[in-house]
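There are two complexes below, and they share chain A, which is joined by chain B in the first and by chain C in the second.
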Partner chain A sequence: MLEMKAVQKSFKKKMVLKGIDCEIGEGVYGLLGPNGAGKTTLMRCVVGLYSLQGGQILFDGKDVAKNGDLLAHIGYLPQKFGLFKELKVYHMMEYFATLKNIPKEEQRPAIEKSLEIVNLSERMGDRVGALSGGMIRRLGIAQAVLGEPEVILFDEPTAGLDPEERMRFKNIIAAIKKGRTILISTHIVEDVEAVCDHILVMDNGQIIGAGTDSQVRAAAQGKVYLIPEREKLPDGSYIEKRLEGEEGVLLRILSPVPLAGAREAAPTVEDGYMSMIKRI
Partner chain B sequence: MLQMTKNSLRLFFRNAALVLAFAAVLAAPHLLMLPRMDSLVSLGPDQVASYRFASLLLQQAGLFFLLFAFIGYEFFSRAKRAFLLETVKTCPNGHLRLLGAQFLALELLLLAAVVNISTYSVFGVAFTGSTQGPVVANLLLSLVLYFLLSGTVALLLGCVLALCAGRMAAYGVMVLWSYLASDLPYTILTSLQEKVGPAAYWLRDLLGVCFAGEGFVDPAYGLPVEWYRFALAFFWVLALGAVALLFTRPSPPKGRRWAAGGMAALSLFCLTAYLCKQGYRPMDSRIEGRMVDSYYWHTDVQPREAAADFAVSACEMDLRVGDGLKARVVLDLEETEGLAGLKFTLYHGYRLQAVTDGAGNPLPFEREGDYLYIPQNAGEPLSQLTFSYGGMSGEFYSNAQGIHLPGYFPYFPMEGYHRLDGGLSGEFAPGAREPHLTESRPITLRLQTRLPVFVSLPQQPDGSYAGLSTGATIFGGQYVRGSLGGYDVVMPQMSDYPLYVDGFEEALERLGGQLGVDLSQKFRDKPLFFSPQSFTSDGKSCYIEMEDCYVVLGMLAPRPITNVIKMLAGSNLEKQHVAYLAHLYLDVGKRDDFIAYFTGKWDGSVPNEFAGDLGPAGYKEMYQTFMDAIAKNGEDAVLKQVGAYLTDDGDTRDRYTFVNSLME
Partner chain C sequence: MIRLVYLRFRAMGKLYFVVPAGLFILLPALCWLAYQQPGNSAYLDVGDYLEQLGTLLCVWWPCAALKEDMEGDGNELLFLYMGKKGRRPVCDLANIGWYLLHFWLVGAALLLIDGRYGMFLLRTTGQIVFVWSVCYLLIGLLRSTAIPLMLSVGYFLGGHLIEADLRGKLTIFEPAFQVTWQLVQQKTTALLCIGLVFSALALALMRRPVK
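This part shows the complex of A and B:
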């Protein structure tokens, strides 16, 4: 169980995390938010890369900042992930296995298992430099799951991946999520929708919404409308999409007030997310 | 950790640029030494000292340092440039362990590079047969200090720069460090020292872990491996290590902060130890108290010559040689009545702490350069003086690695003012490096040192040395006593040239015949102390006769035997000038030019060997008179008169009066 209690983080005078309170238990959590919301900063605070200006991050009741050995229970794939291109895949994984204090005799089976999960077993003897971008990202996942950590954090894991690799990623999450806490930070709502049991919406350094996908959808209930483009928009509304169809151009909008005569649409997770972000 | 180190080595050898840099490190000593090996080996094992190979390699220590700093920086910053750090840092002590593994890998490569360099030192030892323990230990320590330790500092510098600086800044720091730590800024530093004093060298001193010094090479001293140089290296290792320890994590845990603090404290201790002792480095060409000649070139103190108006009847010396010399010298005085003050000469490199009278009362004194003046109260003539002083002085060194204190050198207060530099004609001219005192006195010397020493005075049952002399000669370190060509000698264990050349005795006899002087007992009546340093401007031997020994600068060789003539003049300055004149006339290398010039057959500018004498010294007329006398009375007659003048203590004529008398 990961707990965040009034977590605050600032860089010089700019407060980036303004008091984050949440509990993350077993399951897959999506941390959804726009660019600059503080998602990566929060992730880095959890894994001890940043020190906090206030609050605590607890793992099973112990402060992560004061117990560095707790990091052995946490796997992490950062947004910018690289490897030594000159080394072979196996040797690179050996680096990680040693850093994670996996005993020498257990390293090979652990490495093989991790690579199997991400479908890179056949590339074990290849140089890292010979792998594609998607494979390198999968290798990053492999190192994150190496050593069977109880908590795994992924920061923007699907950024820059093609649809096939994104599908693979979702399958991998499905394969490893049992008995683990997985936190995925992203701004791609579809990824969250597909794999996450719980969603945390973050904006401007704060958690502004949390719940299952149906709870997030419910936040936009009664606010989503499809209206012709030429119609006047109510004040405070937000255009989500522009749709072209047989009826002409329609706008999918979020409206703060009910619109009489307008066609209401069933809200999606994205609608709920945007409703929270735009404060509609 | 071993696994990571192995993988780090794999990583290293799969990077072409790093492999190229390491290949350069391995190739550099061979590129330096292989072209020179023929010339060194062809000299034969008797004419090249084993340290010569190592001292040549020391010239590369700065390049070695710079290359390893670059290699270290590039290797340690790979993780940052590969975007690996964010992942690694989330593992327990991840970044520190990654760096540690990489550091171990580079240390192994450093060790391989040092072994590569050491092949020439090993060859030198095997080739010359210099397998004595102290010699081998000196070579090994120099490899450890100037390559292994300094290479470690370079790697740590690269590590810290990789953690803290961008590429341009890092490269700038490395290049600047290597430049300041080398002999390249020597001219700038010397100019600065004239204006701001020794502080000009402090930065270079602090950075110069790979720099042995720009001064002379002395085979008896060996390569400079004084303990405080190790202290400097350890200062940097600990200081840089502490920085690396702290910077591998944004908020280091308490344990790590304590470890870094401990390392920083230790590093300060090492630095303090170094700063307190680094004033005793003999291998530097600095002005104040270092190289003799550079001091006299820059000093404002005018040289003085003034005979003492009093006498010293006995001298008792307590010398303790550790990092430098600590001395307590007691002089018994006579004939001091009515004098306003007492003049002494004590080499400027020694700091005089106190002068006391026979009752222990402190006395005022005035010191200017080598010259010391002690005012005397009217009606209270001093009968005894005690001098307390310490320090070390350039090539007349005295420290835990070696002692080179010839008896003619004022490492103890000598009565009177004596000029110690070479004057206009350099160190071989009258006034340089010969006995300044004329009257022997009983000397008792108690010496504390860990080195094996050879003293010109006989050793007493209680371990002290006592005898009659104008000054005790003390050599310590890599010396050996034995027989050489039938002479009783104290000589360096290593030498770049043979100390004895066949034909010396025959040449000596011939010279004696020319001067009408019996030289058969010269060099046989007292032990010979071979100084490892040859300071004659033309690289030829110089012989100095003391009451209790001879000091030989160079070798006993048949050419030029005329250097013996100077010895006949003793400390008489007037006679030294005549001896020098005879040497110019008789020396095979100078004779033709000398005769041609003074017989009007010389075409061109004045020959360098006596240009200064003819111009500013004003000896042209004297030299011309000498040549005219030879033309008139014949060489044989003139030289016999010269021989008689030099060896007759009762002949007190000045040089001009004597030379003019040759025309009669």
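This part shows the complex of A and C:
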């Protein structure tokens, strides 16, 4: 169980995390928010890269900042990963296995298992620099799961990946999630929808919404409409999609006010997220 | 830990071989050429070559080896597992120790030729430790290798562009003809002590949170 209690973090005079309170138990949690919301800062605070100006982050009741040993229970994939391009894949994993204090005799099976999860077993003998961007990201996931940590943090794991790699990532999460706490920070709603049991919506340094898929969708109930393109948009509304169909071109909009006569649409997770972010 | 240090060197790729090539091929070649020259200046020339090549190669490369730790994509992981967990001291000191070993292997061969080279070897060891520790401290402060690497080369080159008479007064690099055992004992001891202090400070800085 990962607990965040009134977590505050500032850089010089700018307060980036303004009192984050949440509990993260077993399951897959999506940390959803726009760029600059503080998602990466929060992740880095959890693993101890940044010191806090206030609050605590606890793992099973123990303060992460004061107990460096707790890092053994946490796996982390940072936003950018591409270390040791001159090493072979196996040697890079061996490096991290050694850093994670995995006993020498257990390293090979642990490395092989991690690489198998991410479908890189056949590339064990290749140089890291010879891998594609998607493969390097998968290698990053492999090092994060190495040593069977109980908590795994992924920071923007699918950014820049092609649809096929994003699909692979979702399959990897499904394969590793049993018995673990996984926190995925992203601004891609689709990825959160596909793999996450719980969603935390973050904006401007605060958690502004939390819940399951259906609870986040409910935030936009009664606010999503389909209107013909030629119609005037209500003030404060947002266009989400443009749809072409038999009835002509329709706009799917998020409206702050009920629209009489307009066709209401069933909200999606993205609608709920946008509704929270835009304060509609 | 030995495996970790080995993998770190391996991670440098072809860049790793520059120091062995410089110390085991270039330096002996220069020493041989010095002995082919007419006159009796070979001893002093070799003393200068040891200082020039030894300090440059044995400082720049261990610092460059830290580029991945400081600026690589995903260097946060290395801070977590190396810096916070306290593995950094052994790995980084093993780096400089390894290159000093290379230097002393060449030195050992020179000692067989002329025992007086011991003075230059000790002097250059002190210079290497000092300049490396200054760069290491800057790396710890700035969390970047760019400026320390430039400074290490700049200080080294600047030290050798200064007039020979002034060099010993203004820098830690004095010309070979000014080197005496007394100077080596005093100056080298001071440089080694300052180097150890700077290294300890650097290690403390590298353990602090990134921000």
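As a convention for this text, the second predicted complex is superposed on the first by the 280 of 280 C-alpha atoms of A that agree within 3 Å, B and C clash if a C-alpha of one lies under 4 Å from a C-alpha of the other, contacts with A are read in each partner's own complex, and residues count from 1 in each chain.
The rule is simple: contacts are C-beta pairs under 8 Å (C-beta built on N, C-alpha and C of every residue); 3 or more make two chains touch, one makes a residue touch a chain.
None of the values given here were measured: they were computed from a predicted structure.
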Joint occupancy of chain A by chain B and chain C, clash or fit: clash
Partner chain in contact with A:94 - chain B first, chain C second, else both or neither: both
First (chain B), second (chain C), both or neither touched by A:11: second
Location of chain B clashes with chain C - one stretch out of 237-245, 291-299, 345-353 or 525-533: 237-245
Contact residues of chain A, present in both the chain B and the chain C interface: 44, 47-51, 68, 71, 76, 78, 80-87, 91, 94-96, 98-100, 104, 140, 143
Chain A - residues contacting chain B, complex: 44, 47-51, 65, 68-69, 71-72, 74, 76-78, 80-87, 91, 94-96, 98-101, 104, 107, 140, 143
Chain B residues within the chain A interface of the complex: 1, 3-4, 7, 10-11, 14-15, 78-79, 82-84, 86-94, 97-98, 250-251, 253
Residues on chain A engaged by chain C in the complex (per definition of touch): 11, 44, 47-51, 68, 71, 76, 78, 80-87, 91, 94-96, 98-100, 104, 140, 143
For the chain C and chain A complex, residues of the former touching the latter: 3-4, 7-8, 10-14, 68, 72-82, 84-85, 87, 209-211
